[in-house]
Every structure is written in C-alpha cells, then in structure tokens.
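Residue numbering begins at 1 within each chain, and the chains themselves are lettered A, B, C and D in the order written.
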Amino acid sequence: MLPPTGTIPVAILGPTGYTGLELIEILARHPRLRTTYLASARGNAPRIDAEFPRLAGLLDHATAQCRPIDHDAIASACKLAFLCLPHEAAMQHAPALLARGVKVIDLSAAYRLKDPHTYQQHYGHPHTDLAGLAHAVYGLPELFRSHITSATLVANPGCYPTAAAIALHPLLKAGLIEPTGIIVNAASGASGAGRDAKPHLTLVEAGDNYSTYAIGTHRHQPEIIQTLDLNHSQPASHANATAASQVPPLLFVPHLLPVERGILETMYARPTSLDADTPRLMAALRHAYASEPLVVVRDDAPNLRDVQKTCRVHVNARLIAGTVVVVAAIDNLIKGASGQAVQNANIMLGLPELAGLV
Amino acid sequence: MLPPTGTIPVAILGPTGYTGLELIEILARHPRLRTTYLASARGNAPRIDAEFPRLAGLLDHATAQCRPIDHDAIASACKLAFLCLPHEAAMQHAPALLARGVKVIDLSAAYRLKDPHTYQQHYGHPHTDLAGLAHAVYGLPELFRSHITSATLVANPGCYPTAAAIALHPLLKAGLIEPTGIIVNAASGASGAGRDAKPHLTLVEAGDNYSTYAIGTHRHQPEIIQTLDLNHSQPASHANATAASQVPPLLFVPHLLPVERGILETMYARPTSLDADTPRLMAALRHAYASEPLVVVRDDAPNLRDVQKTCRVHVNARLIAGTVVVVAAIDNLIKGASGQAVQNANIMLGLPELAGLV
Amino acid sequence: MLPPTGTIPVAILGPTGYTGLELIEILARHPRLRTTYLASARGNAPRIDAEFPRLAGLLDHATAQCRPIDHDAIASACKLAFLCLPHEAAMQHAPALLARGVKVIDLSAAYRLKDPHTYQQHYGHPHTDLAGLAHAVYGLPELFRSHITSATLVANPGCYPTAAAIALHPLLKAGLIEPTGIIVNAASGASGAGRDAKPHLTLVEAGDNYSTYAIGTHRHQPEIIQTLDLNHSQPASHANATAASQVPPLLFVPHLLPVERGILETMYARPTSLDADTPRLMAALRHAYASEPLVVVRDDAPNLRDVQKTCRVHVNARLIAGTVVVVAAIDNLIKGASGQAVQNANIMLGLPELAGLV
Amino acid sequence: MLPPTGTIPVAILGPTGYTGLELIEILARHPRLRTTYLASARGNAPRIDAEFPRLAGLLDHATAQCRPIDHDAIASACKLAFLCLPHEAAMQHAPALLARGVKVIDLSAAYRLKDPHTYQQHYGHPHTDLAGLAHAVYGLPELFRSHITSATLVANPGCYPTAAAIALHPLLKAGLIEPTGIIVNAASGASGAGRDAKPHLTLVEAGDNYSTYAIGTHRHQPEIIQTLDLNHSQPASHANATAASQVPPLLFVPHLLPVERGILETMYARPTSLDADTPRLMAALRHAYASEPLVVVRDDAPNLRDVQKTCRVHVNARLIAGTVVVVAAIDNLIKGASGQAVQNANIMLGLPELAGLV
C-alpha cells in the first residue's frame, strides 16, 4: 500500500499545546513521517517557532507557519492527522477529516469512552459524533494492537489510564488480583494539566508542592475501569444493587507533582488467593510483555527518571502485607500522549512500530 | 517550679543535621528556652555557623562553637537536652543525662518502639537501655499530652507516624474505619532522609523525580501500628494464626518527593459500615481536635505548601467509592521533628505549649 | 509616646498577594504589632484563610475576614498601615490614611523614585501624589535609619535595590570602586513576579528553567542608581554630553530562577586603583556594618539557602582579574519586602528594630 | 573509505557517568554508529542497565555488560572510542587506542589546553601525553571544522567554553567588542558537576538554591581565553607588564542552578566604538552562523528550556547602557558534551554531521 520508502505527510491540529510540541519533536526524528501541516484554531495563527523557540530550525520555514483548520487543504496535503484539540473540537473535525480519507489519531478524550452517556456524565457535554465513537479504536497497542492495524480513527489513551491498564491487565487476566477494590494512587508532572496558566500551576504554587485532587472523581477513572473491563467483572451480588452501582470497582486518586513530566502510579489490589505471591505476579507480567519492546518488567520499583523522555513503561509488582502493590511509570507526554500517538500512527500506516520512538 | 520569666538553658546533642539546624532556628525565636550548649560527637567540633552559614548571628559567638559531648558539663549548664543523634548514640547518652537530672527529648527512634524485640527486628541492633525504654513517653501531645507533662525522657515521634496517627486515631476511636487493611501512601521531602550525601539524593537523581521505597518494610510501619494500637485490635480469627501474624494491619508505602520539606499522606481504609460517610468522618476529626491549636481539620484536602515551615497538621477525610480516604500534611522537620520536640519541651517544662512555635 | 507594652494594631491593604501573606506570618510572631484590619479592593472580599489555607488559625476568626478599604474604619482601628497594593492604588490611599493620622509603609514603587518624571518614564503613568512623594522616606534602615525614625510615609525599597544598595554603598563611599560601569547581574525567585498566573511563570515553563529579562530596562535600575547617588557622581567629561546621558552609570540585568524565593546578585565594578584589593574591600564592608545585626559580611560568597526565610543580607567582595566582584543574597519577600517593612514599622513606632524578625 | 551504509562500531570508556549515559542514548538513535563496547575501570564492571535502569532494552543484552578497558579488544571491535574518563586516565588510554588505529574523542579536559604548563597550573598534575597534546584538535565544529575532518584525536570542548566561544567569536572577529575586560557570568545545571554524590549537590542543599563558585578561578576560564585567542590580543601596554600578566582578559564567573541540565551565559563586553550597536552585533552573529544548523541567532534572549535535550546553541546580542550584552544557551550534556562528541565523530568519520543529533 504505502511505498517502502519515502516520507508520509501528516498534519497536527492544535500544535500549540504540550502534546503538539512533543509530537513535532518526535516526528522530526521519524524516518518516514513528516510534519507538513500545522493547523491552529487561533484567529491569528502563530509561527510555531515563535510559540516554542526550541523548535527553531526543526521545521522548514513555510511549515512552521500555522494555518487555519481547512479540511480540504489538510486532506490534499496529508495522509493522517493528529488531533491535539479540546474534546468538542475533536468531535467536530475528526468526521470531516475521515470523510476526506484522512486517518485520524485523536489525543483528546472525545473517543475514549465507548458509552456516550458515561462520556456526557464525566465531560459535561453530549457526544456529537456517535458514528465516529462507534467505530473508534482505543489506541493502546500493547492490549489492542490487532484492532489498531485497520483503524481509521484511533482514540489515543489518557496518560494515567495507559500506565494503569498496562500494569494491571495481566494480573487481572491471570486471575491473580480481585477485580474490585483496586486503588490507583497516581502522581503526575504538571505538563499533564496542559499549557494554560492557572493559579495553582504557577511555579510558586506548584513548585515545592505536592497535592491530591479530584479524589475519586477524575475523568480517567471510568476510562481505566472500561479498559480493564472491570464493570463487567463485578460480582453478581453487586450487579443488581442500586447502592453498589455507586461503588466503582476502582478508585483513582491523582496527585500533582512539582515536576514537568512523568507519571508514577502506586496501585493496591487484593490477591485472589495466597498463591498470588510476588513470583507469580511477576511471571504474569513477564509473560504478557515478553515480546513488547516498550514494556520493561523489572524486579524493583521504577521511578520517573527511568522513563522521562522515553516511550517506555516500567512496571513492578509484589505481594506485601497481604496486599498486591504494583508500581508503574511512564512519561505522560510520550507513552502517555504523543509517543503513543506516533506508535499508533506507525501501526495504522504499516510502518515499523517503533519508528521515531527509540 | 520554673520561674515565671527568665530563660531556661537547653542543649542540643548532634546539632549538625537538619533537625539540629531546625531546632536552633526555632529556639532562636523562643521566648524562654535558650540554646546554650551545642554538643557534637565529631572529633573536630565545628562552629555551627560555619556548618550552616544561615545561622550567622543567631547565637552568641561562644555558643556557636560546638563542644564535646560532656555529660557533666551539659548537666551543669542545661535543664533539658535535645538528642539529634543516631539511634545507638541516643541510647548511650540519654541515661547518662537523665542520671544527672537533665530532661531528655530524643529525636532518634531509640525510645519509640516499646517492645525491644520489635526494635531490634527493625533497627538491626539490640536495644541497650531497657530501663530508659520502659519509662520513655511517646511525645505526640495531641494523643498523649497527659503523659508528657511529667516525663523526663520523651521519644519524639517519627515524621511519617506523626501525620498518620493524628489523622487516623479519631476515626479508629470512633469506630468508623476498620483496624485492618489500612494503607498509608505517603510522600516526603528529601530532608527526611538526613544530611548525608547519598547517590540517590543528589539534585540530578532526586530532582524532577518521584519514587517509592521500602514498600511495606519501612521502620515507621511498626511505629504507626503501635501508636494506633492496631495489633491489639486484630480480629480473633487472625490473632492466633501464624500466617496472619505476618500480615500487618497496616501497610505503609513511602515515596520520595523532589522537594526539601513536607509530608503528605493519602490514606485508605475500609469503613466499618455504610454510616461512615463523609460528614461523620469529618465530625469525628473536628470533635477530636476542637481544642488542638496545631491541628486544622478542613473540608478540602491539604497540600505541602499549607504546612511547610509551620508546626501544624492539616487533615481531611471523606468516603468515596466505598473507601475512606484521609489526607494529612505536615512539615517533616517541624511538626515531624524539631517543632514537636519544642512542643514536648514546653509541656515538660510547664511553659505555654506553643511558645516559639507560631 | 507608645506604651512600653501592649499591642499596637496595624492594617494591611492588599493582603492577598505574596507580600501580604508574608506580612501576616511575620506579624503573627511579633510581640507588639497585631494585624487587626485586612482591607481588600476585591468586590467580594475573601477570608484570608480561604485565600491562603496555611493561615488557618493564625488570625482570630473575625480578623481573617477581609473588609473594604475604608479609610475612616482603618484609621479608627489602626496606628499604621502596610500598603501591598498596585502603584496607582497606593498613591490614592496613602494620602487619605496619612490625613487621618495613620502612618503608612508603602510596599509598592509609588514613593521610591524621588523625581516624578523618572517615575512616569519607568512606570508609564503620572505620579498623582507629589506632596506625599516630597516627604516620603526611602525605607532602607541600614543606610537611612535616622530619616525613618520620624517618617510618617515610608517607601519600602524594591527587592533587587535592597541587596544592591547594601552591598555597593560602602565600597562607593570608601572610594574603592568607580561610580560608573557597574554591572548588577541579579537572579530572583519567582515570587518576586507576584501572584498573578502568567504563562511564563507556570511550573512547566519556569521550573527547570533560567532566563534573563528586561536587560537594562528594569524599573529597579533607576532605583538602584538613585539610592547609590550614582547620577551625581558622573565624571565631568560625561555630564555635559548628550550621548553620555543615555549611558546610565549602572546596568541592571535580572534573571528568573526556578525557585520560590531568594535573590542573589553578582556585581561587577572597576576598582579605583590597585589598592582596592580584597582586604580593603572586605574592611570597608565590615566597617560599615559592624553594628548592623541584619547584615552578615562574610569571607566566602553567600547563596540563597543562607538567607531564605530570614531578614538578613549576606555580602562578600573580592578583587579578581582586575575586577571587583561583589555577591549579595537576601530573601526577596522578607528583607526584600515584608520583613524590611516590619523593620521600618518598628523604627517608626519606637519598638526594638528586630522585633518579630529573628 | 567508510561504506555508504552499514553500522560503525564505537566504544565508550567510562560509561557510568552522565556523559556516558547521554552518549548511549544519542547513539541509540544514530543511523550509523552503534555502541558495541562499554569499558569501565571499575573492578566489578556493572551492567549499564543496572546502573541506569532507563537504558533497559536500549542495548542488546551482551553489550549492556561493561567490560574491562582492554585496548586490544576495543581496537578489534571498534573504529572510534569516546573517552568519558578522568583527565589522567584519558591521557593514559588515548595514546594506546590511537596506536591501535582507533580514533579517539576525549570528553575530559586532558587535551583541551595546548600549553602543558597552563594545563598543569589549572589541573594540578603534569600532562603525561605531550605527543598526543601536540596533534589533538579542539573539537568545536562551528569554529574549527576543517581541522576535525582529518583528526584522529579530538579534544571535546568544555561545556561553558562551548557556549562562550560560539557566542563571542564572531563579535571579536568583527572587531565589535574589546578583547579585554570581558565578563562571562554563567549558570549551569547540576549535571555539569558529575555524578558523584557531594554534600553541596544533594537535593536539599542544591535544590531551591543558586550559588556562585570558583569566581575567576574555574578551569574553563583559560580554555575560553585560548579558544577566543584573547591572550594574543592583549594591548601592547599590558603585554610586557608583570602586573598586567596577572589580569586575564576575561573573567569567568560560574553559578550553580537548581536544575539538572542547561547552561545560560550572560556576557558583558565593551564595544570598540559607538558603531557597535545592536544591529551590527546581530549581523555579525547571523553572518557567522548563516550556514550552521546548530546555531540559532535570535532577536530575544534565549532560556534553558529553548535548548534542553537539544544539540543547539541559541544566542542573542545587544548594546545597552554602553555595554554589549550577549546571552547564549546550550544543553551542557549535549552541545556541551556528548552531542558535540557525536557531531565530532560524524565529521571524523565522513558521516552527515547531524546524524543522530536532531
């Protein structure tokens, strides 16, 4: 289909945020994909190297000038588009691009939650592209690679859910941990909150600080539950109880770290039996990811430095004090966003999956 | 007993660490206590203002010169001594000072764990002052004030246990949370690891980083369990089971934050019933600490900035997703160490409890 | 005049910024001054402990509620007011309070530059209180203490000028450095930029970063020049030259550091002769500040940690490579703002100068 | 000479420091160079992915095991070696490798200063490879590219000198600034101090801090002076004066920043005439670097974020207050060390100069 060599032009819609910046830098190292069209919704479209001086010289002079979001122009110039837009805007532009034959990878949350009611409940507005939602593929290659190959619309996973799903999926599948009562105690660098200047994100407020937020109410909680298929594994005694319907099978508690990038999740689960010891937990992880180049299963707990500026997931599990403790780390902007988006693009376009990502 | 005005001379043994530095600064603002004797075990005793230039001018010229640890000299000069020494050294010097009539507040872990076998198991060496251990009082004023008043030897609590015990004690006492299966997910600034330069504590390694360590094996885990009296509240079905004896009622999982100071603990517990809702949890905390000036019970979760450089504890609790989530924050060097030591000194000497601490 | 004991009520106008927060915390430790009136220009005046949760319990419940800026109410309640307002607002409220007998310490720049044309040139709006400007006293106690004693309106110095003036004044006065061609290379923590969330001040942008700004155009450059009286010391050959009038005698180059607080200034000057060696430079500093408790003259260069959370200035000077290099450090929020304001208040009210500041 | 495709095996001696880590990561993205031999002087040679867990999976299993420094084995396996060793060790191993036909890029300071007496004066030990020193080429491609092409031994420049030389060279060459009285006020992230845990480099001491060190005595001062050929441009009135010989033409004043990586240098020089205005300064920079892809000449001052994790130099110059102010930024580990080393390797091996560096 695609020629074995030569460059493939791609577009980025919404390049002035941190995921856009990261995409541009990753694609500059990519052997085949070339950023050709930067599309900004701003009235006065900026030059991207004025917006981010570190990009000076990375794109040719004309490409660095952002242009309007013109579906026809994008479609005539590009095979694939990365959407780094607000959720509502993504639902507007994705179908228009798909209709013009452009494959779409959406980095917003617009196409992640399969149930539009769940979406509306957590994002506060109705879903406006149910057709797209129906055929969108959740782009977590380590779990759903086969579906991504033929996808035209990929929902790029959230940063927190990427780490949690990769870490917990093998343990659930192997029946080593209970599918209820899971706690995901997570911590993220501030780039996860986006580029807008908010009072609690200034250096004075967020530096030298550490805080928890959205305890049990974060939008990534239903995304993790969906990806791990936990609602379907609720015990029967709960399934038909009204009260129980208010008790989700997993509690997600994020914290804000005084760093730019990186996510570390410390997860707690109940073992299904006394057999769920550390060797069995580790074996399940190693077996699941034996052929996955981006997942590092290790004997000790990872930290942020181990994964920052990489597209890898590091994961460790142990049984201690009767509790299964799983620790996973990723770079929220790379494996948690733009790197995984390029991984998905590579799969969708039949390129080597790690192209541009080492 | 003590004259109503006038200064009371105190000594600091081991002033060249971070708890020593913090003590000197707190005492410089104290209306009654005066640092009179700095005793260092170093062969070549340093000037404290050469060791910490920020102390220049805070002590008179002669006092700033550290002297040897001379029990008689200390006893003739001081009413009370703060021990900022390694555990083994504390066990050696505390009885010698007590025998000379000097009250002792020990900031090491030497006198915290009442059971010497537990101590040896977790600290790796036998306890050498069983007599002292027998009458030492655990210096957490909000829980054990009446015992501190008449104490001559106070074991100043660990930093992590201070926050956990203050946060969880009222909820356990009120019967709102189960005394087993508690998880204390904690994070601390690097000053908690002391002043020695260790490879993982350099700015390059620890800055912009976040890691977990000593999962379920940290020495503060038995201290928290003892302070909350959790072993005695084990259900009968566990009490006589060998296997269960290996399952502690509380799992403590610390993390290292890329900040100098501050502890935030995010704690998870099972409610004893559906009645243990947020209002009841908060009411139990408010009732317990209605008269405690250093405990702030608040409706939202605290963060590090709320408590850094203060002697206060901020605490919040809620029921969410069927789980009780309690968040507490302290400054590890102040309420978690030197500030609480001064609070204990004030109580032991009959001074206003908050003198020097506002 | 003032009774020897008892508390003196003071007001803070504009308490919701970082200098207001710092003032409240310093005054809470002050033996005589008591914060009695918090006046905010916001339409919906906040509770200060909602604005800054770390203040919980530090003020009585009623005082913590901010009130409107009511000159009569402030005058009936307070002896002295600290103005932490924008420059224009300060010029509006200072005369109204002075007219009602309230002493005023203004932490804005409104009354710092004696020449209203210079003020307008650098601050972009005309000065609207020339009478106040005429009798305002520049509140740098180490240089102008005698004028502060009887002042009713004190212009609290800028943060950068405080460090530069204290460091350079003795060397200029002793004739050891040339009064032209001075370079003040300064670096400040981000709290100096205020509490507003600006894009370049977020943790992601300002953390792990370091940048220079306003090279040679910062408003503090004329303030330093005025305080050191450098324009009057221009050599005759320059004084009547038009071109030379465009060459200021001192170049101020600030940098933004990825820390909350602290200023370090590295200053370069030409020695007047070969006699201006390191011992003579240090002797001039030691002689000037022999009786100043807040100035520490030291043999090595200070750093931020030496002064953070203190009201002290640390300073060092040397001759190297034919250049006089002077290094000074302060805490920008304390000696550079609120601490110095309290020092000025103590002087104006006849209290011990260091009350509340140790 | 070299085949147009295919991989070229290279060795890294001393891979367990930060420049070694950075080299391994850069080479993992390089299309032609492949890390084949990691040689460590440690008695118990570690696995590099145990030393740096973030390298897991980046090298094949056998290569990740460090081996002894065996000259014959290295020569039989590799065309080129990067030396990330202490200065003395570099002088020992470089000639042995060169004798075996291995090209050498030395990242230590061993071969930077051409005069062995100057070397001994600043590094405290005699130079032991005068033959190597005589033919070593200073590897700053933007200034000395033609010499690097045929070099077998390249002295990779120091981090601070790289930024200073690139920024100042065109202005000196164009005769716009005086070759004396230059001040280089520099600031670097802590990775520049290496990986050893030293007391002043811990997170608690160096975080939230900023300090100056080695004022006028840093080893990079003579390296900058040599690279800019400043000693030869001393005015005649100085050249024969003993006293003046102690006044170097350039004063280098480094500062330590609380960040991992990045160097920003703020440089001050006297213009040679009133014609040396901002447009002429900028024109000289733009002219010099019009064809240099790694040098970005820009209208505003750069900051660390603009260059971190890139191999680029950003530079800006202006005339203000009668002074030429030049600001340059690099990543100290990349353009200031390992990235420039790969740039040199590319040149020496006839590869595209930017291979692996975008």
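Keep in mind that, in the parts below, contacts are C-beta pairs under 8 Å (C-beta built on N, C-alpha and C of every residue); 3 or more make two chains touch, one makes a residue touch a chain.
Since the structure is predicted, the reported quantities are computational estimates derived from the model, not experimental observations.
Engineer: Quick check: more C-beta contact pairs at A-D or at B-D?
Structural biologist: The comparison resolves to B-D.
Engineer: Among all chains, whose Cα centre is located farthest from the one for subunit A?
Structural biologist: For subunit A, the chain whose C-alpha mean is farthest off is C.
Engineer: Using CA atom averages as chain centres, what separation in Å is found between subunit A and subunit D?
Structural biologist: 37
Engineer: Please report how many Å separate the Cα centroid of subunit B from that of subunit D, as a whole number.
Structural biologist: Chain centroid spacing, subunit B to subunit D, equals 47 Å.
Engineer: Which residues belonging to subunit A are in contact with no fewer than two other chains?
Structural biologist: Those would be 208, 258-260, 302, 305, 308.
Engineer: Enumerate the contact residues on subunit A facing subunit B in the complex.
Structural biologist: Residues in contact with subunit B: 181, 183, 185, 187, 205, 208-213, 215-217, 243, 247-248, 250-251, 253, 255, 257-260, 262, 264, 266, 268, 274, 301-305, 308, 318, 320-323, 325, 327.
Engineer: If we count contacts the way the header does, which residues on subunit B are in touch with subunit D in the complex?
Structural biologist: By the definition above, subunit B touches subunit D via 18, 189-191, 195, 197-199, 201-204, 206-208, 258-260.
Engineer: Which residues of subunit A touch subunit D once you look at their complex with the stated criterion?
Structural biologist: Result: residues 28-29, 53-54, 56-58, 208, 293, 296, 298, 300, 302, 305-310, 312, 314, 358 of subunit A touch subunit D.
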